[in-house]
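What follows is one structure encoded as structure tokens, with my remarks underneath.
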Amino acid sequence: MTLFARLKDAAGSDWTDYAEHEFVRRLGAGTLPEAAFRRYLVQDYLFLIQFARANALGVYKSRTLPDMRAAQASLSAILDTELRLHERICARWGLDPQALDREPEARETIAYTRFVLDCGAAGDLLALQVALSPCVVGYAEIGRALAPRGIDAIAPDHPYREWIADYAGAEYGAVAEAARGRLDALALRFMPEARFDELAASFAAACRMERDFWQMGLDAAGD
Amino acid sequence: MTLFARLKDAAGSDWTDYAEHEFVRRLGAGTLPEAAFRRYLVQDYLFLIQFARANALGVYKSRTLPDMRAAQASLSAILDTELRLHERICARWGLDPQALDREPEARETIAYTRFVLDCGAAGDLLALQVALSPCVVGYAEIGRALAPRGIDAIAPDHPYREWIADYAGAEYGAVAEAARGRLDALALRFMPEARFDELAASFAAACRMERDFWQMGLDAAGD
Amino acid sequence: MTLFARLKDAAGSDWTDYAEHEFVRRLGAGTLPEAAFRRYLVQDYLFLIQFARANALGVYKSRTLPDMRAAQASLSAILDTELRLHERICARWGLDPQALDREPEARETIAYTRFVLDCGAAGDLLALQVALSPCVVGYAEIGRALAPRGIDAIAPDHPYREWIADYAGAEYGAVAEAARGRLDALALRFMPEARFDELAASFAAACRMERDFWQMGLDAAGD
Amino acid sequence: MTLFARLKDAAGSDWTDYAEHEFVRRLGAGTLPEAAFRRYLVQDYLFLIQFARANALGVYKSRTLPDMRAAQASLSAILDTELRLHERICARWGLDPQALDREPEARETIAYTRFVLDCGAAGDLLALQVALSPCVVGYAEIGRALAPRGIDAIAPDHPYREWIADYAGAEYGAVAEAARGRLDALALRFMPEARFDELAASFAAACRMERDFWQMGLDAAGD
């Protein structure tokens, strides 16, 4: 059993409240109000900037070149790929890329990102990766759950088809798989069994903040 | 004009929404539901633990013995005095000190404390003190505003008299005055005028998170 | 077997080159040139300022009140007691306390202190305590070795009697014993056996920098 | 006058003792013993790993995407280009790339790298860049000084021609020029004039540790 699977089990309803949130269900069903998705997109852009900082912290905290290169790959993936992808998607949703940087961070964005950054700054690489994992690995699991028969089974005019395709796809799946493996490798070096409960508490708290993040999107639709 | 006064001015309604929040008004009028105050007290206890960490960060970030000793004094004030005071007040409000540590942090508690810790970890001493100041200095201003004619003018049976007396009192007033002076001294060393806007944005964000913290208390009363 | 004992064993001659350095032997024999001791004293004062920062980092990195209070006690011991003691000893050795702050840090002082601070900033509490331990625990072991039959067996006019008495004494012995216990407690939470080698390498490096620190003292005597 | 020029002026002989060190002169004259260069190369490899961590810290400490991308570019330059270049040069000098990672860091390597990392972890982006600049900008100035009439004027069989060509070249010159510009831009945001002395002291200390680094190379030649 992977560490990620153990953390999910221990989180119980904190995990399912996040992974099966109404925002997710309606996104999958194509009934999510556009205003909710738009709010989510803008905040997710600001979120990614902080996540890039968290991955830079991972490079700094590393002691070996392989650890450094693994964290740097995540950092580059965000700064060079994901943020530009986001700017493109945002543009298609009528969100001026220029305007994104001026948007204030929502409290839900601040709460989760600063929580992760503090886990990383005060703790070790494992504490950092555990706090990141509901997002990094969770999105792949959520994406796959929304496309159980593959992305081709989703109607071409589904309004959120592109988002689902990204996170259900093989490329992101490989990112998540690497993150699962990294958690297990770090646990061998830094987690005696006595430490599990502390990490599980941090994981559950991160799941609750991810749930709040979806809710922030829904709240913007005012229904 | 002190830096704190400039920051307040620049924050505008972000400051007044915090300093004159309904929670504050009803606390002053003695009409705040007990459930709201109790919720606030518990979370404020968890908040202080993180604020102690922020002050420890201030010692670590210092380069001179006077800076170190100033930050250490704040750290000791929290660990040796305020937390024990809190345990006493909580006990009087029927909150088992043992239970405090088991209570999960509210999202509003996490948002503000981790925001401050991240400002401090990623920035310099000034960035840290600015993010702390809506709390450290703000509470003194709020306390005084609630006791404009002094604490003796407040009825002995006012349910929140003790809280008001603490923050309106001369002892806490001196703490706030020292913090104001420290901000000005740090600004001389670390703030060219071009930096003001960045610090003002951080201060305003901190005020919004303090406002959310009061609101969390009110929400617990369910009215 | 305590973790400290295991680390010493693994360090081998890196440990003995430090603990039985010529500076130590001559200090014990009373034949250490005064210039060597004076150089050591001044740099040890600057060293302690950085060690206070390292202990503040320990408070910041803590997640529980007991961990925070343990680190705060070490911080206070340095800022409130040791540094003032040092100023007193320095004064008796003709070193103007005012002048101490103006003295530049020797490269040996920088090397060890910044190494420890980096272990702590990038790693966890255990990484920090391991890097501190050659100093914190080592000085007690060195002190005792210099006074095998107790401090009373040392001639009253021994030039370094006071230094030996401090570190061979019961009070400092209790500090070292607490530090040994803290290492063991942290290892239970954060050290799977697979992590031992990494910590042992860090401990050995710290011992080599402590040895360099003694040598810096000797070199000042120019003999 | 650029901030870098002011820092050099203020450093006085600390700067010239580094930039015109005997190691540099003999490297330029082609009379540097091979053992000295080899020792330098190995330690410079270990040095770069820590400098990559310092640049990752720069990404983490950034607050804006342009700041993050500037620091990430430096990080990538080290991890993706310089380290691999180093492995290639080392191989040509008979240094097995595999063996480099097993080599212990010299005290001179630890002193400078951990000093820089601590400046960055405890201070702001400007403190970090100032501590890095004797290396990043200094090497370009040293390279140019060794090739006053261009690299083509240096004999093809000069044993250190490749090293000089790298650091005197246009590509590295552009890196240094960007770093000079970045220092000036950061100073506008973070350096009131009152802060200059503190930064100058840090710069001078860094120069002294760079000088020690050359000396470590010379010492290996035993002449």
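Each chain carries a letter (A, B, C and D) given by its place in the written order, and its residues are counted from 1.
The criterion applied here is as follows: a contact is a pair of C-beta atoms (placed from the backbone, for glycine too) under 8 Å apart; a residue touches a chain by one contact, two chains touch by 3 or more.
Because the structure is a prediction, the values reported are computed rather than measured.
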| item | value |
| --- | --- |
| Chains touching both chain A and chain D | B, C |
| Proportion of interface numbers common to chain A and chain B (over half same, under half different) | same |
| Centroid distance [mean C-alpha coordinates] between chain D and chain B, Å | 44 |
| Where chain C and chain D are represented by their mean Cα positions, the distance between them in whole Å | 31 |
| Residue numbers of chain D (touch at least two other chains) | 53, 60, 122 |
| Touch-based graph of the chains, sorted into line, ring, star, complete or other | complete |
| Chain B contact footprint on chain D (complex, rising order) | 60-61, 63, 122-124, 127, 188-192, 194-195, 198 |
| Residues of chain D touching chain A in the complex | 49, 52-54, 56-60, 62, 65, 68-69, 71-72, 75-76, 79, 83, 101 |
| Parts of chain C lying in touch with chain D, wherever the complex brings them together | 53, 104-105, 107-108, 110-111, 114-115, 117-118, 121-122, 205, 208-209, 212 |
